[in-house]
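As written, the chain order gives the labels A, B and C, with residue 1 at the start of each chain.
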Amino acid sequence: MTTKPGRRRVTLFVTCIVDQVYPGIGQATAALLESQGVEVRVPRGLTCCGQMAFNAGFRDEAYAVAGRTIEVLRGSDDVVLPSGSCATMIRHLYPELFQRSPYAGPTADLISRTYEISEYLVDVLGVADVGARYSGSLAYHDACHGLRFLGLGRQARTLLGSVAGAEVKPLPGHDQCCGFGGLFAVKQGAISEAMLDQKLAGIAEAQADLIVTGDASCMTQIAGGLSRKGSKTKARHLVEVLANMTDARQ
Amino acid sequence: MSRDQILSNLRTSLASSRSWLAGEAQGASHDIPPYVLPPADNLADQFTAELRSLSGQVYRVGDDAGAVGQIGAILAEKGASQVIAWDMREIGLAGLPQLLAARGVALAATDIQGGGRHDRLQELEPASICISGVEAGIAESGSLLLRHGPGRPRLASLLAPYHIAVLRSSQLVRGLGDALAQARSRYGDDIFTATSNLTLITGPSRTADIEMTLSLGIHGPQEIHVVLIEQAAAAR
Amino acid sequence: MTTQSISFYERVDGALHDASLKTALSRATERFIGNRAGAIGALSDEAALRDTARAIRAGALSRLDELLAQLATNVESRGGTVCWASDGEEARTYIAELAKARGVRSIVKSKSMASEEIHLNHALEEAGLEVVETDLGEYIIQLAGETPSHIIAPSIHKTREQVSELFHQHLGVPLTDDIQTMTQTARTALRQRFLKADMGISGVNFGVADEGAVVIVENEGNARLSTTVPRIHVAIMGIERIVARMEDLGVMLQVLARSATGQKLSVYTSMISGPARSGEEDGPEEFHLVLLDNGRSKILGGEYAEALLCIRCGACLNACPVYQAIGGHAYGGVYSGPIGAVLTPLLQPDLPEAYMLPQASSLCGACQEVCPVRIAIPDMLLRLRADAVKAGKAHPVEKAAMRGYVMTMNNPAVYRAGGRAARLGSRLIGRKGRIRRLPPPLSGWTHGRDFPTLSGTSFGEWWEEREKKRKEAAQ
């Protein structure tokens, strides 16, 4: 495949949860990148960053899955993920997982070209307004890994601030964990639910139509709680708002 | 013996982690900032505001006579008959011994060393007032640095419910870093040669251990009264 | 300890259903968080101060052998006595025998996590000594027969009504709901204990190598009394709590007070070097420094050495959403919260279920964000989880799930087929786009949360379809 000189090309790593559970988030991410003139490629066989096993302490298993991911992404273009958490796995945790291994070199190379989507749009492409519109109010939840390990948050707020028709409301406890934490949500279900209750209390206070966040995992936790409580507020991924796809799924 | 065992374990451990730790140690300057807040214009004003914000009292007087007058007023208000105090020479406030004598206020015997320690402590316990000097005052935190030692008992800022401290504006420094550097330059390696104790005092004794509710005077003085003597440099 | 006889899950469950604990925890942690944020935010250069604090601590640890020896030599040259204790047993024995040799009957203690770590009170009481905790919070939980639930505020789990009831029972005073009255009750009761005590035992916030001094930080004045009034002062210090120079306190005390309580400095900071000098009218005749290793020298050599930078400010507890939900006792060890989840498996490895504590974290990183010395707590929790798996402690279901996970993720055909099956299954058990009950082992999810039903097509399938159509259109 040939590319026009100067045309940007990225490898989209939608992550396993988006691939299987929220294909719309992957579609929205691709659409956003393409609307900025970026050519998107999705390598066949890309599955998971390995975080689930790594976080559970199963390092051999994480090594097997993440090692394969490194191989699939070897020599690719910039890698963009619609997830601060999976991007954190690559940028913050791969070095520890692959230290003193044959993957140490490829890891450093991968890290140098791995971006979370809001970061890629704002910091790399220099975009502040993607031309989205949403009539209603929304509030932004800072997903922990992106916020604390990648320094994200500013980028999403910039992009949301430019959404025509949207009223951006403050979310009390916006940087407080929703309680997802991967297998934590199941293995420590009671604690996870108590944390979710705190999150939902802040959300109720915000009185927004949409809670927007940058990770499908947090979104699942928050949406799951809102749904169980019968709340009218919905949780959506940032890219769904930016790609005008907030009505794409129930 | 445990000393050798512990030190040997430490050396074994450091053989593998010393380089990482040393790298972290080089990650930033070890210079101690003399102060840590944006500098205020006037140290006496800053000290006063800080200590008052902690429910401490500050009385700003122009000279020793003013300070003695202020202390007299506090003694009268508290109805003191006995004070636990530093040696009068260590406080160095002209007219204070005369004030105490005139008011019939006794200086408690503060030496509790040797036999009869418990009995002498029981004799000190009823005193309502402590009087001390200070080594330095720290403006940005409203703190007092006390260098204890002979003639400067620790109990004279601790045992009674009211503590009066005499501070001169010349003793004010901006921050804790300043205060420690000053102590070092003043005493060199002899900071603890003649004394076993330096104490920083920042406001009255307090606790919030019950329902996070602030309560003053749990074990130390519930009131701290700083008499700040602001003499012009030329007058001293 | 009562907290050790029931399981971690039961303790968590009990905590989550304790309404008064919930109120107390949110009151305390919100206050601490707000105070800390205000105090840290007011600094001219917060980042630089924390960087320096970290560098000072790391530098001290990098030559801990040398500094510890220097501290001990200097303490001895000031007339103090040093006990090197490899473990709790050596420390307990030393203190109990010292008390016996000196005819000590009554001991006052100021707050010391190291003494909690080695269960000192129990040992001293066994030796027939009367031991009274004098920090108000510690005194309350001693009367209640409990352990601290927070590094800084040991009794935050107690309501004023519970405290009043304890004072009524043990001190015979009338019930009251006035906190100032309770404080004065404690002052009066404890004052006589101080005056009659033969020995004072304190912890140590920092050992200052160049001056042979120990630094004790507090707000109440009980540590000053414990170290001034009795004729013997015993200070217990974890060997890692050292700084090289007295000047280093100019940074460490500032970050400690701000991180712990939001104060600029704690009310009292005592710097103590040896017993009272000749001519000093008060202060102890004898000063003993117990240097407690208890596993620390080994930790220093491994991948958890960074945990030894900790200055016990408690900021990570307050910031932690898990701690906010379950409080300190649920952790079961002496140290709770995020740093407790790291320290307990290291310092109390024989504690049943210590290995589970690192699981009790969503890895949100709030702890590292507030840590004055920037300890990478989440990374260490992950390593501890890996240690537990290596030690064979993972649940068989989880092990099987992980094998399945690797098989699925590393075989695109299996991944696709599995995904299709799961998506289909989700629509079979879900209604109106949501699943209200998932089968085990995922049933924990749907206890309080719904899960969405999944669409028929994965992103990957959709993408390939789209690419195929595009190619066809281009031809």
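Please note the rule applied: contacts are C-beta pairs under 8 Å (C-beta built on N, C-alpha and C of every residue); 3 or more make two chains touch, one makes a residue touch a chain.
Note that the coordinates shown come from a computational prediction; the quantities given were computed from them, not determined experimentally.
Distances from each chain's CA mean to the overall CA mean are smallest for chain C. Ranked by how far their CA centres sit from the centre of chain A, the chains are topped by B. A straight line joining the Cα centres of chain A and chain C is 32 Å long. Put simply, the C-alpha centre of chain B and that of chain C have 30 angstrom between them. Here the spacing of chain A and chain B, counted between their Cα centres, is 54 Å.
Residue ranges on chain A touching chain C, taken from their complex, read 14, 16, 18-27, 30, 42, 44-45, 47-48, 50, 52-59, 61, 64-65, 68, 93, 96, 144-145, 147-149, 175-177, 179-196, 198, 220-221, 223-225, 227-228, 249-250.
Note for the complex: chain B touches chain C at residues 1-3, 5-7, 9-18, 20-22, 24-34, 36-38, 50, 110-113, 117-118, 121-122, 125, 138, 140-143, 148-151, 153-155, 158, 175-177, 180-181, 183-184, 191-213, 215, 217-221.
Those residues of chain C that touch chain A in the complex are listed here as 9, 12-13, 16, 321-322, 324-326, 359-366, 368-369, 379, 382, 384-389, 394, 398, 402-403, 405-406, 408-410, 412, 415, 419, 422-423, 432-434, 436, 441-442, 444-445, 447-452, 454-455, 457-460, 462-464.
Chain C meets chain B in the complex at residues 24, 27-28, 31, 42-45, 48-49, 51-52, 54-56, 58-59, 61-65, 68-69, 72, 78, 84-86, 90, 134-137, 140, 153-156, 158-160, 163, 179-180, 182-184, 186-187, 190-191, 194-196, 211-213, 219-222, 224-225, 228-229, 231, 239, 246-251, 253-254, 261, 263-283, 285, 287, 291, 293, 297-302, 305.
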